[in-house]
């Protein structure tokens, strides 16, 4: 399918019922990664082996120069290639989504002179953020896009970017992504992206991925606060601890995503000015600040989760304390009373078997005020205990 | 508004009912930061987007040379600029408070040749301390001013400083700040600030921000001691743990503020002498000592809070112990007594149904000294138990 | 035994009933290591002292060039050496399994110009991953091959690799290994291994060892999840904690294996291009990514195990809580009831010994509705308690 | 006051009733530091502001050369200065104790060409160990002198040393210090100090400060052992934990003192040989070993305190366990007995209201052996329980 | 005493009843170190002050060349020196054991041109491992020899080695050491030591000290496993925790021994080839591997001990759980039964005082099946409870 200027009004993906496909891909992401990783054991380096549920590739081409742009999805790679090659004076963003066609991947690899190990990294989908310089001052950039899912897990997808003299070639395994704001900026009348070399587009993509770390972290932060409130207001349960430990896992995972991101940018900033010119480095330096901020945030959440666990453990102990207090108060009040009652339930006999009176055997029982007196004594004991516990503060929580 | 020598007697901000505004800004600081951060997701780099409750900018100009100074607040930026430009031989401190006017911010950016990414950092208000060299040996310095609020939280605001050949341009988002001592020093007859290049003023501002870390830390230290005393003297409650964990968060946050401050100064000290001359580096070296001291303090408080949590947990366990002791002592004393009472409450019959005496069935009941003897035995049991517990030290706390 | 082209169809080891031998070696691995380590105390450096249960060496030779290959096991070292030397234009993989023959080891050492300290490292079998450059740009590479055994322990074996101008010489102490996929790749029609220098084969062996870290880690990961489910669904036991701590030990051990692996590759990447040419470094860079991933995984599992211990401790506390609740509920219901029963079991006498009625002594006993009323009061107390506990949520888990 | 050779026999400070003053200064040390720190907030850099309870300065001069020495305390700075200047060929130690006279401090600063920031560091009294090179290869050395006080706290005082061509100028805020052994060495007939440049005296002072870390650490070590014995032999109390946490704070504080000490010496060792000649570096290298040892010791004590907390927590849990055992044993023995007694306290009637016998209603009560049998059963129950608990080991501690 | 070839058959120390002396020295090692450290406070650097129980020195000389060797103990230092000096073409190992003679130590110091600070390090006996280059490319090497004593503590002694052009001079404070295997190797016919420069002997001594770390660590490892088994099979006691914490201290101490050892070797490997020739560096590189392995082991044991503490704490909690279960089960069974018994022990009267029957007052008591029915009810309650607890798994451990 060929798309002209009219296509430029088309904001989303053109044709695909891919929402379902995307969800499916997302659910099995982790198993897929593991599966891919296990299949690769012992394989020849550079083997292209997409996971079983890899989506069929969709191909998008954005072509632009300072005066305008053109945007379309292509059904065939040949069409796209032809269109791309017919406009050598323009800049292009070739945007491949889905790895489910090995033959196509190999063609792209050869046409754009990628190393098989790089293509393996793309399709493997579990590469941490990195930068590699290859060929004629070209860059291979890997970023990881994050999302905090409804299932309270961080879903991360790989964005692989290759720069070329007049193009950026990007790969990802889902049809939907967090890059729409960049597309929108190209579509808008004036954009830095149209004014600058393709490396700037690579920067813009990296920057937007980093920007999306904040909503992810904010969602985690909100969730931590929610858990904190549950513990303070309600009661802690084993299920709650499991959720706390799950969010801890998420944060640990996020840290493992964001630290390499910082290292990547640092390495990029140290590259020779011929590879990354100073005018672009200024922008990556800004990215570096963002990466550091994201790391700071993740460290901060880490501390919060550890505090949460302390709070949980303390609450658990607190509740035990309360249980024990109930037991102790009831026992302390009624056990002495029961003793008194038991005392006057004894059967010591007033009358001697052989006649005569045992005056010392429980004379209280025959006193006209015996029972009321005992009741009063019992009330005094109970009252004394209550006062004792009140003074100890056992009635306060 | 134009201000001459007479204005020099004016110590605070001239005209604004800004106390209320400032409080409002302060309360929503955190949400504002999050909001600003979220709005920025996917935005073009260098986008100026102040938070919704940013205050309208107030503009102050301090002009001085070795012989005198002039100080005024300006209603219009044009007036300020004109006054600034009309005295090229003097040194100036342009002091902008509040970011609520994007157009003005953009004008300042262009007039003072700032990079849009720098202005974005200024307005974003969540940039950690850093130093950047730009233009013709100019510096962009970011510091974070701290305050320990009545709500027991660290409030931090950003101070952004740009140096120029004969001026310092500073930005902050509140009308009130911790920089008054510097203003007072300029106003005083003789001051180093008047004798030295603008970079010295930048140093003085950085130094005073660092100085203000100490009252913040002292407040935290006092609060930790207060909590410690509460645990040792009173009783620990779940609410108390929540407060301990809150102060832990504050300390963690303070550390994240002060570490970049140290790194910033270190980086600054490593800059070429053309950018920061040796005579100024001497002063920043003193700042470095202060930053290290602040870090030391924060590490020390971190340990204190961790000890506090240990103490809290132990106290919790201690109180459980006490509850159990009460239960155990009461049970240990009365349960045996109740048994004895129960024993003599049994109904074994002395007389056989068919006549005759069961001499073995509870003869104690018919003994004239039966009851007193049992009472004595009970007293002995209770006394024995009390002695046992006393010896075990259960009556001591 | 001489092997020609026909041998090329022989995929596994040719002749040995070595499964049993291998299992035996495996079981005593750890003791053997300790024993070897202890025997070596005070010994002359470079002493070759295989452990007591070292297997008799088996000798394999793979010879290949771009047009074909030949593969055989040799009964005698002389035959192997002769065959190896008769084909100087081909490339060879001399694959020695088992160290049980010191004389043979010394011959190989001399023939292939290895340093006695290197041979000691080979036979010692407890050397962490490392790389050494020796002789004429030759490399000595040590890797550790891992396996997660049925006894839930990591079994690790040493793979020692020496490169030479036209050969790779490898040593290991078991007959079976994880290198079959490399052998298969040589056997297959077209292989990079046949096209490239021997160093590439050394890389391929290193890579396949690293690849096998993933199944090991995956097994550990599965096991952690299984333990997590046991704690959440079932009940924690002391035995379970022992298993958790065992898996923690495994992870700690794995980390100690994989960190040197990364350092080794990093050191290798920093070697001069004459020692490791750039075309091979590209491949080791890929290995580096794998090593980092393995480290990330092990760190992540470490955190998971630490969470598991938290969960276990909390569960233990939870179960105590439940026990206490049962005790408290039963006590709180029946102790007051028992008191009431005891109260009306007292024997205060209605009739005065000297005649006359003590109207105040337990008139309830003579009330026609006395007993039913008391039963109702008891029911009310029990019901009240139950409602209280229900409201406190003690019936929920 | 002028002092000649006769003064050389005077070992301590000449005239002052300073023991009291020193104690007072010591008690308020911490508050003074905080106060000084707070007063300095916002002050002009280089402001000299001694704390409110700073002692009036006492001035000592040691003058020596290879043939003899002279030692005296001076009432007036002018006299001291005159004496110092009149012997340019000798070496001098100007020893200032107490900062309570700002005017004097400023005079010294000007006369000896110190930077105001340095004098601020001296008087501030909270500077961590550091070395600065200034002027003509002069050194500014700050050390912290420690003492473990009777109140179980580390008291640390600052020793500030400035070197000059033929003198060492030192400052401290107390009249008493740990430097007497150095003074004694100068007084003794032959001393390296008299043979070598002033820098050697600076070394000797630094070395003796470092040496005094050992008694401090030894006192802490003894105290830790004492606490350990208390926990193991006696019983842990909340007060004990407070003491453990106090000693933990001390150790943390000591670490913060000694780490900068090591860094200072390391920095000094890296200075150019013109500043610190190799013959002196040999001695500072020895100091470096001492600093490392002190760090090692402090790390070791840190571990010990952490073990102490574990031990305390476990002891607390142990004591709870014991309390529970007492409760359980008493309950387990008497509750069943009470039940049996209660059983035979029931009033089931043998005689039917309407006449006739209920042969099934508690015939035991009428059995002539009823009571003895029940007593035996009770003894059997109690004995069984005791055996059960003995077997479970509950009687052992 | 002069010793010729006949002395060469003498394997142990010649004359001393030093076993007792050695044991004594060993027992008081720690106090001696502390004492030495404390005496040195404030002393002139380079002061030689052996501890009070230092043994009288014993002097051994090993002289060898490629053709033979000679070995003897000398009663007098002069004899030894004369023999040493009379064979300038041979290589010598001067082996001094015991520091108890300051005058002798000073003579050796002067004769062999050692620095007083070095001799102080030797005699101080608390120097961590280090290497120093001095004089004419001479080395001063300090190692720490370890032993795991029967009292379950690590005993460490210092081995100080000085190299010279044709000799190695070593010092240690005990008569017995772990260096006999090196002596044996010199005695044996062919030895590398005889072929190579004295530095190789220094290496051999360092290597054998490192080798002896393994038995020490193995003993610790065995002990950890033993403790683990005690906790899992038997019961944890406070004494056991004290032992765990003791072994933790040992491991911490071992780490502090072995880390400097690695640093020492690393520093040595970085020395110029003129100081340590490449042919010797090969051997020290092997030592480096050993040091790293020892560090790995110590880290691994550290983790094991931390797991052990977790296990202990959990076991303690487990036992509390069991105690509570016993209490709860007995209470839950008998408290309801006691209530029922108490119920039927109430004295509600069937007959009204004024005549007539209270039919509602405890008619059960008069029912002919009353007692058996109540017994059945009681049995049902007890059985129900037992089933409930069985189902909850409380009878399983």
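Some notes on this structure:
Letters A, B, C, D and E mark the chains as written, and numbering starts fresh at 1 in each.
Here, a residue touches a chain if its C-beta (ideal position, glycine included) is under 8 Å from a C-beta of that chain, and two chains touch if they have at least 3 such contacts.
By chain, with names taken from UniProt: A, B, C, D, E = Magnesium transport protein CorA.
In this text the structure is predicted, and so the values were computed from the model without any measurement.
Fitting chain C to chain E on CA positions gives a rotation angle of 70°, reported to the nearest 5. Of all residue numbers seen at the chain A-chain C contact, under half occur in both copies; the interface is built from largely non-matching residues. The centroid of the Cα atoms in chain A and the matching centroid in chain B are 27 Å apart. Rounded to whole angstrom units, the spacing between the C-alpha centres of chain C and chain D is 44.
Listed for chain C are residues 313, 317, 320, 324, 327, 331, 335, 338, 342, 345-347, 362, each touching two or more other chains. Those residues of chain D that touch chain E in the complex are listed here as 178, 180-182, 185, 191-192, 204, 207-208, 211-212, 214-215, 218, 232, 282-283, 285-286, 289, 292-293, 296, 299-300, 303-304, 307, 310-311, 313-315, 317-318, 320-321, 324-325, 327-328, 331-332, 335-336, 338-339, 342-343, 345-349, 352-353, 358-362, 393-394, 397.
Across the complex, chain B is touched by residues 34, 37-38, 40-45, 115, 117, 120-121, 126-128, 130, 132, 235, 237-238, 241-242, 245, 248-249, 252-253, 256, 309, 312-313, 316-317, 319-320, 323-324, 326-327, 330-331, 334-335, 337-338, 341-342, 344-347, 350, 357, 362, 364-372, 374 of chain D.
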